[in-house]
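Listed below are the structures to be examined.
Presented sequentially are two complexes of subunit A, the first with subunit B as partner and the second with subunit C.
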Partner chain A sequence: MADLVGGARHHLRLYRRLIGAQIRSQLVYRFAFVLDAAAAALITGTEFVAFALVLPRFGGFNGWSLGEVALLYGMAELAFVLMDLVFGGFDAPTISTHVRTGSFDTFLLRPVPLPLQIFGSDFALRRVTRVALAASILAYGVAGAGVDWTAGAVLLLAASVLGMIAFFGGLFVVGGTLTFWTVDSVEAMNVLTYGGRTLISFPMDIYGTWLRRTFTYLIPAAFLSYFPVLHVLGRPLPDGLPRWAAFLPLVIGPLLLAAAFAFWRVGVRRYHGAGS
Partner chain B sequence: MITVEHLHKTFVTRTGGLLRGTRRTVEAVRDVSFSVARGEVVGYLGPNGAGKSTTIKVLTGLLVPTSGRVDVGGLVPWRDRRRHVARLGAVFGQRTTLWWDLPVRDSLDLLRDVYRVPRERFRQNLAAFTELLDLGPFLGTPARSLSLGQRMRADLAAALLHDPELLFLDEPTVGLDVVAKERIRAFVQHINAERGVTVLLTTHDLTDTERLARRVLIIDHGRLLYDGGLPDLQARFGGARELVVEFESAPTDPAIDGLQLIGAEGPRVTYAFDGAAARPIALVTAHAPVRDIEVREPDVEATIRRIYEDGLLRTDGS
Partner chain C sequence: MTTGAKTLGGGINAALYLHGARLAFRRQFAYPAATFWGLTTNLFFGALRVAVILALFGARPQVAGFTAQGAITYTGLTQAFLSAFAMFGWYDLMRTIHRGEVATELLRPHSFLGFWMAQDAGRAAAQFLLRGCTILALYALIWGLQRPASPGLLAVSMLFAWACGFAFRFWVNCAAFWSADAVGIGRFAWAWMGLACGFLMPLAFFPPWLQRVLACTPFPSMMNTMVEVWLGVRTGAGAVQGIAVQAAWTVALLALARLTLARGLRRLEVAGG
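== the complex of A and B ==
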């Protein structure tokens, strides 16, 4: 037991040190860092501002106010950027580069769990500007959605953000794992990951029924933030779904993440068999 | 330290897509058995694609073999990866374990935490390696700015900071100049002699092997062809010694009974012979007035090349 705790403390300290190494490495290239950080913020910023400018011209958005959309958009963006920060090492291009250059073997030659080293191999600090921007959009949404913020509502949306981080982190892990077999599948995974992210940034009742249902029942993305936000706004869930369905993101996200890591282990086993 | 019995590794490769491609199996390693005792330095030789790196990958736990038994210090490498790699060091000439943009000192300190090396032990080892490998001038330099020789020295230090019992060296001197090569060989000799580290060395550089290893393993086409000392190898396959003679003037007929004529160029004539040089020299000096004589030993490089090319050691004729 003491061994287990000692091991966990060692891993935590090591994770912090690996992330620290990543950050110091990035700050070596200060100019590129500032440029990247500014560009990343600009992309997110213009997308939302353009949307905000256009929305009043159509007299609202299928019955959604700008503040309400900002809530959805800010949550999705914040969760995705935080996920990207933490899970960047599992992104398919990163994993396939590790495998190609042999640094994956270098990880395997160190007496530390492999996922810990992958988590510690990438931490794109330049994304902090996007985190800040996403937090501002979310703050605007929180203030402008006209919600009576009870502790329950705050907790539900916080759980929703955590669920999304786990969900999209899981998709990253699946995409990275697929590169052990082939890199051709990466584009297909991107459609799912980035498409899913964009989709849930807006109220899902603006999409056609089949699209919304695909991303509800086939790929459970609608459960992540759309249903919790509907619940907080006091609106009914579609298809006559029960109200407790709004509380599922904290189950669905971690489930997907656990399944993704199970798949990851299969991929690593395959790597040990084929070695390339 | 290392026991390998009947090791086989077969790769299945697919070409042309997942569904309609053709499957091809490649036997990278076929029935390889050998053992390495604690404290030995063993050279592992073979042409590219012979199965060297596959064997090393199995021994380091990166690859799971198709069949066979492997025991490294009481552990099966691929079953207990973390415990296994904690006791070994590895340097692969083509890549680095250092963090590219960080000063060497920071990378080494990170590895201290990775391997959980006690601070005091780390300090002692770092001081010793800094002295032996002359790391001082570039401990503060990021890995990306190091010369190849400096990077290699830093990587050697990185591989040994946790006092491994076993060191895998893959082409440790490739691309280095003579001085840098010599420094690395001296260091490997030192850690083997002083610290008792067992070393398995793969290299194309036979000077590395001659200087460091008393024993060599030769692999080709996935099969282990030779396991023994370099001098024995030389005696068995080294071919004839050569006598290079410079006569006072070009002889009208350079052929001598009892000596094999290899070449003649003006007064310079080369003969091949086996065994002691006394009799051939007597024969030559009796033949015509001689200005100079040189006895040439067959070199290891040529011997090994001959072994690969002519398949001298192959048993099944494949």
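== the complex of A and C ==
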């Protein structure tokens, strides 16, 4: 047991050192860093601001207030950008570059667990501004959604954010693994990752039945944040689903992540160097 | 280093510029798989945008001169012109400056700005045919499209929307002559352009004070005016006036780009190798 704890502590220290090295290197060019960080936030910010600016002219959004939409939007954005920070190394373009140039071999040669190295290989510190922005959108939602916040509601939404991190992280791992076969990143995955993130940023009752059902039963994205938020707002779930269906984000996200890592192991066994 | 004084208007090299445009046009057809997946992503995001717009409209027949069908058409136009107008950014010129390839180009006996413009025209035309027309056709099949109110005026407005956007993109890329961080400056510019040109939401839906501010900038000329001409929100004299504003901004921004380019080239240093 002590051995296991010691091993975990060792790995955590390694991860911190890998991340720390990247943070230091990214901070060398201060002006470039500040510029990139501000631009990253502006891109996300303008999208939500555009929506918030036009909403008053229409007065409503299928029965959702701006605060309620901000809750969904902020949670999805917060989870996605945190996931991007943690799982950035698994993103298909990153792995694709390693596969093409053969630098993936370097990871395989080092006496450190492979996933740990990949986790520590791409940490874009400039995204912290997006974390802050997403947190402020979420804070606006928390204050403006008119919810009587109980410990249970807070826990449910925290679980929802964790579930989304695991879910989208799993999609990143799948997309990265596919490049062991395809070398180039598979662009269809973008519809699931970036498309999925945008899709669950809005209440899913605005979509047509087939789109909503596809992203509920085929790709279980609705369970991640839409159902938990419906529950917290005291609204019924669609399709006559039972209330407990709102409590599944921490089941669905980690399940997908586990399956993704199983696929990753298959892909790594399949990998052969580029010969460079 | 100084630029050649020849401009597009010289007419001597028209065939050369046409050839540059044609090559850039053909280059866009090199990756059919990427085009296919780009289209799929475009269409998926289009579906999401249609849903958001329809949810905003609810039961309202008309808002700010837009019908619900017009608003659907608007989302189709943004998805269709996204790549032709390079809404997510354009870094080609700054890349050649940072890599020093710009030195080779300066040796060629043609207008630097003119040749880049010709190449971008070819690129935009190909993207419009490949992705724009396909998206519009798919939109017409799935959600229905509003027909352009006056095709003649629309064609002119579309041309100026591209030219005005190109001049702005070129000018932003010139930052690379001064700064190694031009990519970051570019990201800033494109994010702002997306909001201010009516790519994220039609400008007519914004609060009046913001519309007044944006009307003083060149950004609406890069997309919003064209959309309003297509939808018939601007007709007759209003459309002509909008196009005149587009033309004026295009000329002004091209002049600014040319001036900036000339100053940038004066301080350009390329390491040999």
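As a convention for this text, the second predicted complex is superposed on the first by the 266 of 276 C-alpha atoms of A that agree within 3 Å, B and C clash if a C-alpha of one lies under 4 Å from a C-alpha of the other, contacts with A are read in each partner's own complex, and residues count from 1 in each chain.
To be clear about the criterion, a residue touches a chain if its C-beta (ideal position, glycine included) is under 8 Å from a C-beta of that chain, and two chains touch if they have at least 3 such contacts.
Keep in mind it's a predicted model, so treat the numbers as computed, not measured.
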Ask   = Should the pairing of subunit B and subunit C on subunit A count as a clash or a fit in the superposition?
value = fit
Query = What is the angle, as a multiple of 10 degrees, that the CA centres of subunit B and subunit C span when seen from the CA centre of subunit A?
reply = 90
Ask   = Touching A:101 in the superposition: subunit B (first), subunit C (second), both, neither?
value = first
Inquiry  = Tell me the contact category for A:146 with respect to subunit B and subunit C: first, second, both or neither.
reply    = neither
Inquiry  = In the overlaid three-chain picture, which partner chain does A:51 touch, first (subunit B) or second (subunit C), both, or neither?
reply    = second
Inquiry  = Contacts for A:35 in the overlay, against subunit B (first) and subunit C (second): which applies, first, second, both or neither?
reply    = second
Ask   = With the two structures laid over each other on chain A, which partner does A:111 touch: subunit B (first), subunit C (second), both, or neither?
value = first
Ask   = If you stack the two complexes on chain A, which partner ends up touching A:25: first (subunit B), second (subunit C), both, or neither?
value = first
Request  = May I ask you to decide whether A:242 touches subunit B, subunit C, both, or neither, giving the answer as first, second, both or neither?
outcome  = neither
Inquiry  = Looking at A:234, would you say it contacts subunit B, subunit C, both, or neither? Reply first, second, both or neither.
reply    = neither
Ask   = Is subunit A touched at more residues by subunit B or by subunit C?
value = C
Query = By how many Å are the closest C-alpha atoms of subunit B and subunit C apart after the superposition?
reply = 11
Query = How about subunit B: which of its residues touch subunit A in the complex?
reply = 11-12, 18, 54, 57, 60-64, 78, 81-83, 85-86, 88, 90, 92, 94-95, 97, 99-102, 106, 110, 113-116, 142
Subunit C-touching residues of subunit A, taken from the complex the two chains share = 29, 31-32, 35-36, 38-40, 42-43, 46-47, 49-51, 53-58, 60-62, 187-188, 190-191, 194-195, 198-199, 202, 206-208, 211
Ask   = Which of the residues in subunit C end up touching subunit A in this complex?
value = 34, 37-38, 40-41, 44-45, 47-48, 51-52, 54-58, 60, 63-64, 180-181, 184-185, 187-188, 191-192, 194-195, 200-202, 205-207, 210
Key: Of all residues in subunit A, those that touch subunit B in their complex   = 10, 13-14, 17-18, 21, 24-26, 28, 101-103, 105-106, 108-113, 181-182, 272-275
